[in-house]
Amino acid sequence: MTLSFTALTSALQINRSDAELLLATAARMEAAIQKDGGTDLAGGKVLAALFYEPSTRTRLSFETAMLRLGGKVISAEGVEFSSISKGETIEDTIRVVGGYADVIAMRHPQMGSADRAAAVSEVPFINAGDGPGQHPTQALLDLYTIQKERGGIEGVHIAMVGDLKFGRTVHSLTQLLSLFPSVRFTFVSPAALPMPEKVTNLLREKGIAYIETTDLKEGLQADVLYMTRVQKERFADAAEYERLKLAYILTADLLQGKQCTVMHPLPRVGEITEDVDALPAAAFFREAHNGVPMRMALIAHLLRLV
Amino acid sequence: MTLSFTALTSALQINRSDAELLLATAARMEAAIQKDGGTDLAGGKVLAALFYEPSTRTRLSFETAMLRLGGKVISAEGVEFSSISKGETIEDTIRVVGGYADVIAMRHPQMGSADRAAAVSEVPFINAGDGPGQHPTQALLDLYTIQKERGGIEGVHIAMVGDLKFGRTVHSLTQLLSLFPSVRFTFVSPAALPMPEKVTNLLREKGIAYIETTDLKEGLQADVLYMTRVQKERFADAAEYERLKLAYILTADLLQGKQCTVMHPLPRVGEITEDVDALPAAAFFREAHNGVPMRMALIAHLLRLV
Amino acid sequence: MTLSFTALTSALQINRSDAELLLATAARMEAAIQKDGGTDLAGGKVLAALFYEPSTRTRLSFETAMLRLGGKVISAEGVEFSSISKGETIEDTIRVVGGYADVIAMRHPQMGSADRAAAVSEVPFINAGDGPGQHPTQALLDLYTIQKERGGIEGVHIAMVGDLKFGRTVHSLTQLLSLFPSVRFTFVSPAALPMPEKVTNLLREKGIAYIETTDLKEGLQADVLYMTRVQKERFADAAEYERLKLAYILTADLLQGKQCTVMHPLPRVGEITEDVDALPAAAFFREAHNGVPMRMALIAHLLRLV
């Protein structure tokens, strides 16, 4: 079986069959990591990790994935990227690097840059985040985490908490979860930072249930509590920010007697207190670790190695 | 057969036999990439890529070459290079890194730095560009590109266009092509930026024909049109720069009915319009890709693996 | 046999049995490098090199060690480290990266950061320098160098020269050498920069002989002369700095007729003149090279591969 795309720039490209294929392959990859540290499937293949803005966590996850697939990695990170300072277009850089590598993962601060790159890439291309745009592999690893932590995706009730207006990861994840119509959503956000209509419209079209609220306590009733940061720079009124920031801090106390799995795309900067870490429900580090087998699965399918 | 050098700092070191050996090995390396993604010749060997100034394209090309040879890579790029900020000499850095790696490729902003490094290196050394000095592997990959695109080097007529006075790549390539006395040259440049006498003297000594002109149209009669940037900072008079910049922009229109292969060391910043990209004559991306097999060939010979 | 620790943050953790085990394994690793370029022991294993401050020499040494062990490397260096700029704690970064990699080597500018990281790391952890704190692998490679250069550690007389008050490497090395009670010390430093009492107290407790002096010439009587930098910023009085700087410059002249092995953690910035380099006694570049087999030994034991 193969994926429906050769370049992944948006979670919207992923259909139900793609999602199930990637979930199944990720599980096999995770088993291979546990058993042998990885596989040799990608012998002779090279991944180029082009990070126009630093994102060490994501870059290391992609690189680990390729290495544990048995492949090799070339990598560039940061503003000192020389071809940029000489004025080269993203398109030309991709055309050149596509002659070095067999697959490209790119991070770039500008929304739309991933589509521009994918349009000219002669090798499989993965968007590793394009500014306020998409970050589809985060959504995929989140999906894999929900399946592992809850035993499946069907019927799961997920609460998303924080800045839902500007939060790239919650948009992509909601789009991906909408492939499973039995999933239910509770969106917990400040009134000024609700889930955008482009996302809620998608749910309405598909007849998927969702609730919008400003109260974190409503989210605690869900199976999965997906926490995100509320960013100070989104608020004109500093006092309003301070009030809301405190309203959306998850503590071990709040979780007492609850059954929900706690997720977070990380880094956290106070939204989840450290006393949560020791709870079995705290899945956010396991979530980060799941990025490796899921990215292995994605690369393996794009290179037609599985 | 072996190369006549163990450290390559200048195109002037390369003799006719070296050039033919590298061209032949590069072709074999390219075939190995097509077939298996590379070779295992360099198993157990380590390349150190020391880039004192960023040059992502060149660094990734060297690293890809070593990885596709079956070797391993250690790499450093950028101004934050710690040993520099602590005042260490290039010589000491090379002496230390030569105990880690089996071969070193170095990029450095100062002319002459490569010679200083090569003088103390206990392992094979490759100059990956020393400021306004030399960049011999660019010349080698250009030579390989001409051979592939035109079926051979002998008798080729090449036109070089742009800032020929300060352009490092056109000096090195002319020196290398002068090993083939049947090659003819047309040098197209602003009057103030001609090919330096040190280069034209070499051609005269060898009895090699060349023409100097300011007119791009004369260059269009050649078999190979080697475009380069005209850099604004070279001109005292901004109006003069604007006039010449426009004079040396290659478009698909200009190429109509011409048979020339278009090359460019990249990055381009306007000298070749995007409508040229789709023409069969547009060889500049293939040229960039040729850096991998040619650098594989060079490393393999320096390490005596072939 | 196994080491007494699973995370190495300080030379004080290393007992006599650990030291002997690592010295023996390092010698086997060095033989494997000479014979085959390394080993395949670490196939399927990944080292994460997390360098919060640049230290190219140390990073490349760790990376070379892992590659020559047959393992793979993921790497991050410099201030642009994205998770930091987003306010993530060291602990969270280590928890995440511990899910990617099998072993972590970390460099960080803050003293104590290595202990914080080791406390939460779920994989073996190595301190690659925590600011003014510890740098235990430098001490280990120095120990290995003394053994190789002098035929053993027992009975060696070592003179340490320079800023002994703030010099991290001389503290760690003295602590490590104190495992061998027959070793004797001469500490040569400006009066204002003596070896700290925490170190000399350790020697007194163990009944190990040491002499303190301000005169470099006394150091020249030792078997090993361990030179370090005297840093200008430690002096309130610039004239005093200039006087002492000159007092502690080692030249070939000073070494005439002496039998001592010259070591230096590098980079040197004038403490050892270049005419020393050609003397057989000049061991400082061999010392740097010894970092690779010693770090291979340490990683191999921490991963229980030997």
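Things worth noting here:
Each chain gets a letter, A, B and C, in the order it is written, and its residues are counted from 1.
In this section, a contact is a pair of C-beta atoms (placed from the backbone, for glycine too) under 8 Å apart; a residue touches a chain by one contact, two chains touch by 3 or more.
Since this is a predicted model, take the numbers as computed values, not measurements.
Remark: rotation between chain A and chain C after Cα superposition is 120° (nearest 5). Because chain B and chain C share one sequence, their contact can be compared position by position; here under half of the interface residue numbers appear on both sides. Centroid to centroid, with C-alpha atoms defining each point, chain B and chain C lie 40 Å apart.
The multi-chain contact residues of chain C, meaning those touching 2 or more other chains, are 78.
Taken in their complex, chain A has these residues touching chain C: 36-38, 53-57, 59-61, 63-64, 67-68, 77-79, 266-269, 285-286, 288-289, 292. On the chain B side of its complex with chain C, the touching residues are 43-46, 48, 72, 74, 76, 78, 80-83, 85-88, 92-93, 95-97, 99-102.
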